[in-house]
Amino acid sequence: MKDRRHALLELGLLAAAALLPFALQAIGEDYYIGFAARLAIFALAATSLNFVVGHGGMVAFGHAAFFGGGAYVVALLMQAGVVSAWLAWPAAVAAAALAALLIGALSLRTKGVYFIMITLAFAQMIYYSVISLQFAGGDDGLPLDARSSLAPFDLGNDRALYWVALALLAASLHALRRVAASRYGRALAGIRQNEARMEALGYPVFRLKLVCFVIGAALAGLAGALLANQNGLASPGQLYWTQSGMLLVMVILGGVGKRYGGVLGAIALLGLEEALGLVTGHSHFYVGLALLAVALFAPRGLAGLLERKA
Amino acid sequence: MTQLILEQALNGLQFGLMLFLLAAGLTLVFGIMDMINLSHGSLYMGGAYLGAAAAQAAGSFLVGLLAAMLGMAVVGAALETLLLRRLYARDHLAQVLATFALILIANETVRMIWGPQPLPLNPPAALAGPVELFGFSYPAYRLLIIGVGLAVAAFLYLLVARTRAGMWVRAGAANREMAEALGVDVRRLFTGIFALGAALCAAAGVLLGPLLAVQVGMGENILILAFVVIVIGGIGSIRGALVGSLLVGVVDTLGRALLPTLLRAVASPEVAGHLGPALASITIYLLMAAVLFFRPQGLFPARA
Amino acid sequence: MNKKKTIAALLAAATLAAPAAFAADAVKVGFVSTLSGPAAGLGVDIRDGFQLALKHLGGKLGNLPAEVIVADDQQNPNTAKQVTERLLKKDKVDFMTGIVFSNILLTVAKPVLDSRTFLISANAGPSQLAGEDCNPYFFNVAWQNDNVAEAIGKWASDEGMKTVISVAPNYPGGKDAVSGFKRFYKGKMADEMYTKLGQLDYAAELAQLRAAKPDAVYFFLPGGMGINFVKQFVAAGLSKDIRLITSGFSADEDVIGAVGEPMLGLFNSSHWAHDMDNAANRKFVADFEKEYKRLPSLYASQGYDAAMLMDAAVRQVKGKLDDKAAVRKALEAAQFASVRGKFKFNVNHYPVQDYYLRLVRKDEKGRITNKLMGTIFTNHADAYVGQCKMPK
Amino acid sequence: MSGLLEIAGLKRHFGGLWATNGVDLAVREGELHALIGPNGAGKTTLIHLISGALAPDAGTLRFAGADITRLGMHARVARGITRSYQITQVFPELSLLENVRLAVQARRRDFGSSFRFWRPASADFSMIEEAEEWLGRVGLAEQAGEHARDVSHGEQRALELAMALATRPRLLLLDEPMAGMGPEESEHMASLIASLKGTQTVLLVEHDMDIVFRLADRVSVLVAGRVVASDAPERVRDDPEVRRAYLGDEVQ
């Protein structure tokens, strides 16, 4: 009965989100359709990281490599004449997954703080490599001449892009929920709680974690492909460590390991920034205070707060 | 050519020693309190701003330097007792969130007080020119930085190796519970370490100010380098921080200087100019990845 | 769906048609510039020059109340892209201006021009927009990037310099500055050094210059980059043996104020000088000093001219900003009194103007500042105008 | 006489200390073999060496006729060596049923491996039924839905045993299963272990002599990193060397 109510609530929220562009148009705030698309994209990126951190128990500090990397793949392919999203987006996903396979295989030998630092190191290497590549636009990044073509859908307007991003976010959330309940997901839950015990039970812990790392990266690559389209630019800033930090902050803020942790974190952080930006030139000051309050008083993030209420 | 390499090595030494000032405090906080402090770079920025403002007001670089160190030591101690102390027992994720929040707050606070433009900070007039050294001129101010860096390294070595407080620090880095069992007043020790680390950050900020720029965001770029240094050196080890700093400083500078020259032999100047700095930046991270691969605890692990 | 489309089309036609008959009731200007970081001085000067012009115009552009929305691009293309998107879609500005750096301008140019919003560059003049990619909605009221460098290149040749090494940041403006220099400099380019845009510590480059020993170093490092470069160049003792030459960008009031004495004796090129003798300039310089307690830089003069250009155009179309063709014509006519004297646009919407030699020295009040020394080019156009096929 | 597990000349040192100093030991198929010894005799190190958590410096381990000396823990589990821990090692945030189900999942290949991403684990009824059976066997059927962190220490130890059994090991290593238990709980655990006799090969490390001598088919005595005796309980009890080296006047 409770599950049923939850499912209805989720469907209702999804429907409301899908209708949002009409509401924004009605009040003449078209600009915020693009912003909403941005929210959905960052929600997807944060959700992908939350899978790695919250389900896999791996505090990865280099997720920007996959997120920004996906954006670059789309921009580079477009430069090479590949406009179709049906080709470019899977390519972004595949490239991110492949990169994660290599980085993960090397990084997962370390644990704890050292894992944090080595994932950071690999991401920084990618960042510096990309800004040294002339054909990738160097420090300036790579602008997209147009959005990807997702025929038969037209991505030309912000509304369409928003719906696509929203649909992919909803599909990813659904898929990750299923994965979490699958044998694989249950094994991950065991690893997160007691890695040595899972090893002793005979689980191939290294491979299970590596796959988790790769899944998270692949989804981040997809989010990156969307971001390139929303932003019209693949920029080195999207690969820099502060972007990784930002995604991690979204996850912690929203709730580590919570189903909607990434979504809540992305909406809260970007929304707060936007809202405060309208009233003060020093929005980051207050965003900082809010984050600090969450860190000190809401150890399970916003999702934890909501659960307690519910 | 040898002169060029010598000059570049001096530059590397200078950069490495400044990194050491940052890394020393970071490695102790990280090693002893098991605390990831992303806002360490903000202490560096705060020190630079405080120093630039004080130097301007007093018309003396030295006054600026001392004021910054003292001021940031107080800020550091206050930060530790009021806020960070609550985070020691929490997991790394909570620490990342809280100290990331501190970065945002610090950057905006500086912007509110001093505006978005960089503050001017000039070296003492007497050191603005070059000195003759082994047959070539070298900026006197950079020599001063090298001197101060070496002096601080020696001071820290004596402090950690020869004093009672230093023994506590070493004990704390190796095994915190044991240190507590031995009757070390851990709370006061932590506050002291934090204040010292903040003062060293401030010194680095003021000393580097005239060479770089005293500006918002200066801490973020250098923070990651400091983390790389302490991971290479081994978390919690002062000796590791020193070796790691010099390694990173020299590798970075020599790479930056020599790679373009080498590349120029095989590529156009523009390509060489582009690829060179990027490759040099990567070498640091390659170094770290390699060290971690072969010695997962860094070069000088503090924990047995 | 079809029905919906028809209605939308009708609505669009209605909204397009309606304002053509009426004058707008205000002019909105989106001012995106670099206002933080080491190059903030440039953006601040452009902004202050622009604001001074508005003050002279009584807060109006072409008799319409002006609303200027200022945003900081943090010298970051990604940030610039986002603030521009907001200005175009949320604030729906009529003009965009203020951008300092060419890489930023090139990143945001497309969305701005695609939305048929006039982009008046008060600084960055990348070669792309002067040549193949020239656009009816883009105007540059300053110069093409190469121009000022061409002038100092010509002068270096005339002075008989034999070997020169260039130091410039690796971005479109930097590359234009070097290719412009080379176009008129006939001696040997011993090397071209490209640094990271925003680099502040030049120890590595200086060591290499010391080893290479050229006659002169031509550097193009706007803002804080140039300030640090000159300071460190002098501190390393290189000024004894190697001559520094630069375009006006790194020898203007912002750099002079920060570096001081070591700047004395530096020759540089510019399209403007604060001691140019014309009525508009005398008023501009005097009021700028009164208002901001410092001498204006060339950046400030460009910001001032940008506002004056907009004012003239809006006045000429009588506030009918939605008649894009008329606004374009009015901008092309450039009926305003430029602080640099005569001013006209080429077919690619870049200026045709004179370029001068300046020397940093002490003026009669004992201040270290630029003095106008002579003319290097007269009625000089850029090298790319031939590639521009401007749509009628 | 060949055993399921055969250890010969096994050595392992830490710094200057030989924690395991030439151990020879054989565990026969089907027996309940107890390993005793004074504190610091190297019992836990030996268990680590057998389970694969530690690698030996010298010596060989053979299991079911194959050399497993160089195999890692994961590979040894696959061959049928499972251990329980001295300190309780369960998954605190999972239900008891899920704890055991994970152990079943680790072994069962009949539904495919743990790399199944879509089908809910809760839809694999036979896996759940088996987990429930194991829970029933250790007397925890009632608490199946509770989180592991919420049940008593004794129940956690019983859960630990259920998890170990659920992997259907050929050799079960039990490292002090009664550690930290009260007399009642200990008695319950003893009867659980007794119920395994005859069907399950067990190597039991235990302090409680009373229980060891009551349950074990054979007893090995480890002193200073060496096995000094390995025989039926009553004969070990009477072995003069054992009495001298270890038991002293603890017995009688």
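Chains: A, B, C and D, in written order; residue numbering restarts at 1 for each.
The criterion applied here is as follows: contacts are C-beta pairs under 8 Å (C-beta built on N, C-alpha and C of every residue); 3 or more make two chains touch, one makes a residue touch a chain.
Values in this document were obtained by computation on a predicted structure and should not be read as measured data.
Shared contact partners of subunit C and subunit D, listed by label: A.
Minimum number of contact steps separating subunit B from subunit C: 1.
Chain centres here are C-alpha means, and the one lying farthest from subunit B is D.
A comparison of the A-D and A-C interfaces places the larger number of contacting C-beta pairs at A-D. For the pair subunit A and subunit D, the distance between mean C-alpha positions equals 44 Å.
Centre-to-centre separation of subunit B and subunit D, using mean CA positions: 51 Å. Note: centroid distance subunit A to subunit C, computed from Cα atoms, is 38 Å.
Averaged Cα coordinates give subunit A a centre that lies 32 Å from the centre of subunit B.
Multi-chain contact residues, meaning those touching two or more other chains, occur in subunit A at positions 138.
Among the residues of subunit D, none is found touching two or more other chains. The set of subunit B residues that touch two or more partner chains comprises 111, 274, 277.
Every pair of chains that touch is listed here: A-B, A-C, A-D, B-C.
Interface residues of subunit A, counted against subunit B in their complex, comprise 53, 59, 106, 109-110, 112-114, 116-118, 120-122, 124-125, 128-129, 131-132, 134, 138, 241-242, 245, 248-249, 252-253, 256, 282, 284-285, 287-292, 294-296, 299. Per the touch definition, subunit B reaches subunit C in the complex via residues 1, 3-4, 7-8, 11, 14-15, 111, 116-118, 120, 122-123, 128-130, 136-142, 210-213, 215-217, 253, 256-257, 261, 269-270, 273-274, 277.
Remark: subunit C residues 35-38, 40-41, 44, 72, 170, 175, 191-196, 200-201, 203-204, 207-208, 210-211, 224, 228, 231-232, 234-238, 258 touch subunit B in the complex. Across the complex, subunit C is touched by residues 29-32, 34, 138-141, 143, 145, 231-233, 235, 237-238 of subunit A. Against subunit A, the residues of subunit C that register as touching in their complex are 76-79, 81-82, 85-86, 89-90, 103, 106-107, 110-111, 170-172, 196-197.
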